[in-house]
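Note that the chains take the letters A, B, C and D in the order they are written out, and that residue 1 is the start of every chain.
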Amino acid sequence: MARHMSPALPLPAAAHLLSAEYPGEGSTMKLRVGLAQITPALGRLDRNLELCLEALAKARQEQVDLLLFPELSLTGYYLKDLVPTVAQRRDSPLLRRLADESRDLSFVVGLVEESPEHLYYNACCYFEEGALRHVHRKVYLPTYGIFDEHRYLARGDRVRTFDTKFGRLAMLLCEDLWHPSAAYLAWVGGARMILAPSSSPGRGVGDPERLGISSTWEAINRFYAKMFSLFVCFANRVGYEDGINFWGGSEVVGPDGGTVVKAEYLQDDFAVAAIDTAEVRRLRFFNTLLRDEDLALTLRELQRLAGERYA
Amino acid sequence: MARHMSPALPLPAAAHLLSAEYPGEGSTMKLRVGLAQITPALGRLDRNLELCLEALAKARQEQVDLLLFPELSLTGYYLKDLVPTVAQRRDSPLLRRLADESRDLSFVVGLVEESPEHLYYNACCYFEEGALRHVHRKVYLPTYGIFDEHRYLARGDRVRTFDTKFGRLAMLLCEDLWHPSAAYLAWVGGARMILAPSSSPGRGVGDPERLGISSTWEAINRFYAKMFSLFVCFANRVGYEDGINFWGGSEVVGPDGGTVVKAEYLQDDFAVAAIDTAEVRRLRFFNTLLRDEDLALTLRELQRLAGERYA
Amino acid sequence: MIRATEVNLTINTALVEKLLVGFVANEVRKVGMERVVVGISGGIDSALSTYIAAAALGRENVVGILMPYKTSNPESKEDALRVVGDLGIEHRVIDITPMIDAYFGAFPEADQMRRGNKMARERMTILYDQSAVARALVLGTSNKTELLLGYGTLYGDMASALNPIGDIYKTQVRQLAKAMGVPAPIVAKTPSADLWLGQSDEAELGFTYDEVDRLLYLYVDQRYSSEDLVEAGFDALFVARVAERVRANQFKRRPPLIAKVSERTIDRDFRYARDWGR
Amino acid sequence: MIRATEVNLTINTALVEKLLVGFVANEVRKVGMERVVVGISGGIDSALSTYIAAAALGRENVVGILMPYKTSNPESKEDALRVVGDLGIEHRVIDITPMIDAYFGAFPEADQMRRGNKMARERMTILYDQSAVARALVLGTSNKTELLLGYGTLYGDMASALNPIGDIYKTQVRQLAKAMGVPAPIVAKTPSADLWLGQSDEAELGFTYDEVDRLLYLYVDQRYSSEDLVEAGFDALFVARVAERVRANQFKRRPPLIAKVSERTIDRDFRYARDWGR
């Protein structure tokens, strides 16, 4: 494993200050990715921290190198007016406590972040070697159907990759993945894995195999994994909130579009995928889409569209 | 009055294609502005069109030159899932019918606009001399407290002034006025009147004089009118929807910050203000804020802030 | 920082009266109705709701229903009749004793709580039946304090078609009742649900409405935190008890939970105003 | 364009069963309870809800309440007892005749509609009382078809704490009931609210559940317009009647209207999940 680390974020400075020059960049490695498919309690930081610590203990037992929790794993999903009550600043005691836990094990938790301007973000935090290394604020806040995120939360304005022990990664939160532009930015930004914490509510029961929503998600994860030749690690929660179920089915999909590990539907689970990031390298012998991708063309055409729209 | 008109919008082309070069620009005139403080029925285009035609008839009796209806006057406010049902394309028969009504009388109505991409906007339409001359799509969709607009609607991305019989005007919808940046764009864009159709729900009953929300709104209207030396024409609706009242109190505020006309609170009303846009000219002898405004500085500093934020 | 002693719950009664009278007139007529029925208990809340309805719809369009039980305080009925007489509205007295006793005959062991809740629900069923007779809507009479504390019976006194006073605190109910001419003895008397003899709201709750309204106003309307409220001078245990009570009773303010399985579920992603098309 | 005849309401019964059983287990235990009470009418909806609850909580944690009226069809009681017997759950029979007759003794002129609604509400009051005895939640039994059409009694059979079947159509209730082992005669019999002798849902509604479910699915779940539905082959009058019925009954699916006056009003800008803190 590469031993040169990005510096810990100078709290609360922005994640984008991380250097893109990273010694050992491009080296590949084997690692064990864990998916903690839990049932957070709504608005109960205390109980959810316990769930988190239990899963970390289990991850240590199972020699996991990188553990993913679902979106809003520390808070529950349908927070509504509880948002400010459960929100955490980057320098909060709870986040320091979590950072301490990451000395021997990297992990991602979901929570509500309070910014210095007192805005609230649906965020996920990457902890590694005792520090908070990167924060992704959800960009695409679903506010339709069963969702009301924009009502309660501010919208993130960055999609950034960041360097870790395991190489360059990106995090995207749930709805972010439904916008191919966001996954595209992760890919072009050099991610070899997309970490995707989610809280996806179950619906659609006409399919003889599984929930309608699961089919859609599984197609999305496989599409990015295969087209972009990278790992997609999807950690989805379970449990019920106000009659709405979260369907689980967390998974790691490999750069060939194949399933590396799949957690159960509709119940607590803990899944571990032993992966080798050399697979990304090998598959990019065959898949030249990144090599052939014309960034300048895409950028130029987008600038033209924006110019026309806002003329 | 200036007789040279902007061309009718080539339907459904965007409003910003109107030429900014306008013969007679800067000439002042006297006119009568009417405020139709009505109670729309929720989701009933038929009944609201009748209300609209009644108010137009009354406006003709009272020699009104420019009549303002409230925000969403053709549809009612708490539409929720009715949004697509009541939405109108710019070439819809209903809009053509309204355009016909504007041969002798300019007016502004509020409605849900359906775009060619099937997006829905909270929009207001300026009709004049038999044609739809300008559409403003609400930019700031309140999605907090009693509001859920972002859930159902797409967000406008333009604040534009436009030329009319009465000189250059701007329209802003309700929450738009709470963003000083939007009023600033109208001012710098050359508007001599801000037309502000609204559906403001009543709340706050501790004030011995009036509703808390009325005080806030009246301060906002007076601030822009006086600081920017222009007319603010605020048409607010009345009635109740699902227990929420709309408080009325429509008004025209002059460029000296004084009230030209004020409609009743909490009941249907029809108010007429006889104004002279020469007042804008006269007050700008004293108020040199527009002359002194440093557009380049503001632009440069905003670009710097955006650059820092999105770096 | 706010001080507990500085909270001012004074309302502009003329304005609130106009808003609430307009609310009843508008929401009743919008559904093609002219009338309301209201359960008049003799207490201030139902009295105020009745005065608002009479101002909104005219006294001929308000039907008061008195629903005493055999152990109800006779003063309650007197006060209820005072409201009826003062406004000159139609009224009907329906004794709930036969229905309640018919039920609890089989459950003699039932405690006061069960009996009280059954009575509150029996009254609701009667109001709805009488509303069908009168071609009327059922007027609610729960104030904001009760709704927040969950101090009421779900599907009993908390059930109605429209509630003019659900957004004003008990303290503010008193101000408005006085301003609208509710008889002074009704405004002045000790609040009681009168579900059993000698019941007193404030004794049962363990605090006065004056105290709790100030607390609720800061906590709910102003969104101060529990910590802020203790700092403002409220007793920490009192704050904790009230906050927990508000939380634990959220179920009384929400519709039944429906298990979502489809793509469009009632009240989740099937959303229309109650006034849809009105 | 969709064709009326092509609508497929088949559900994955194994998956729906898992979701609904999980729903009941999770939502009941989350509030610190173990048990539910359910009114068992003898019809398919309450039978299915009971089977779901027994699978979720164990048969010892489900209490069935049978609440016949003197004119109820005796077959209803037999079918209800069949459910009780098949599952081996605790049950109680509470005859509502004394309470209902005590009330309508004073109103002999009352029509079937008034009587039926009063009975539905009486049953609700009993379920809530029995839930207090059993330290249990009240399980709802209204399906999506009934809720959308408003074919039920507000604060009567439509009232509950949690409803496992409120998001599946009557046609789908049949599929799931069959899959979960609800006795065949109950699955097969003619749907009836049994509020009066010989009542049949479909005769009263004027259309079959099969027809209306396909229509509702396209109109509500798929958001086709009335015009689309006529084009798809549905009768125009049928479409108009059902659409109007869905609209006009929206009030039964929404909480009471509260007149907003403050800065933060219950259910408008005071918003928390029912499961707040669970």
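Worth pointing out:
In this section, a residue touches a chain if its C-beta (ideal position, glycine included) is under 8 Å from a C-beta of that chain, and two chains touch if they have at least 3 such contacts.
Note that the structure is predicted; figures quoted are calculated from it, not measured.
Common neighbours of chain B and chain C under the contact definition above: A, D. Ranked by separation of Cα centres from chain C, the top chain is A. With centres defined as mean CA coordinates, chain D is found 47 Å away from chain B. One finds 27 Å separating the Cα centroids of chain C and chain D. Centre-to-centre, using mean CA coordinates, chain A is 43 Å away from chain B. In chain C, the residues that touch at least two other chains are 11, 16, 19, 23, 27, 162, 223, 254, 257-265, 270, 272-274, 276-277. Counting only residues that touch two or more partner chains, chain B has 144, 202, 205, 240, 242-243, 245.
In terms of inter-chain touching, the protein chains here all touch one another pairwise.
Those residues of chain D that touch chain A in the shared complex are 8, 10-12, 15-16, 18-19, 22-23, 26-27, 30, 162, 270-278.
Every residue of chain D that touches chain C in the complex is listed here, in rising order: 11, 16, 19-20, 23-24, 27, 31, 94, 98-99, 102-103, 105-107, 110, 113-114, 117-118, 121-122, 124-126, 128-129, 132-133, 140, 144, 147-148, 154-155, 158-168, 220-221, 223, 247, 250-251, 253-267, 270, 272-274, 276-277. Taken in their complex, chain A has these residues touching chain D: 41-44, 78-82, 202, 205-211, 239-243, 245, 266-267.
Only residues 16, 143-144, 148, 150-151, 157-158, 309-311 of chain A touch chain B when the two sit together in their complex. Every residue of chain C that touches chain A in the complex is listed here, in rising order: 223, 225, 254, 257-265, 268-269.
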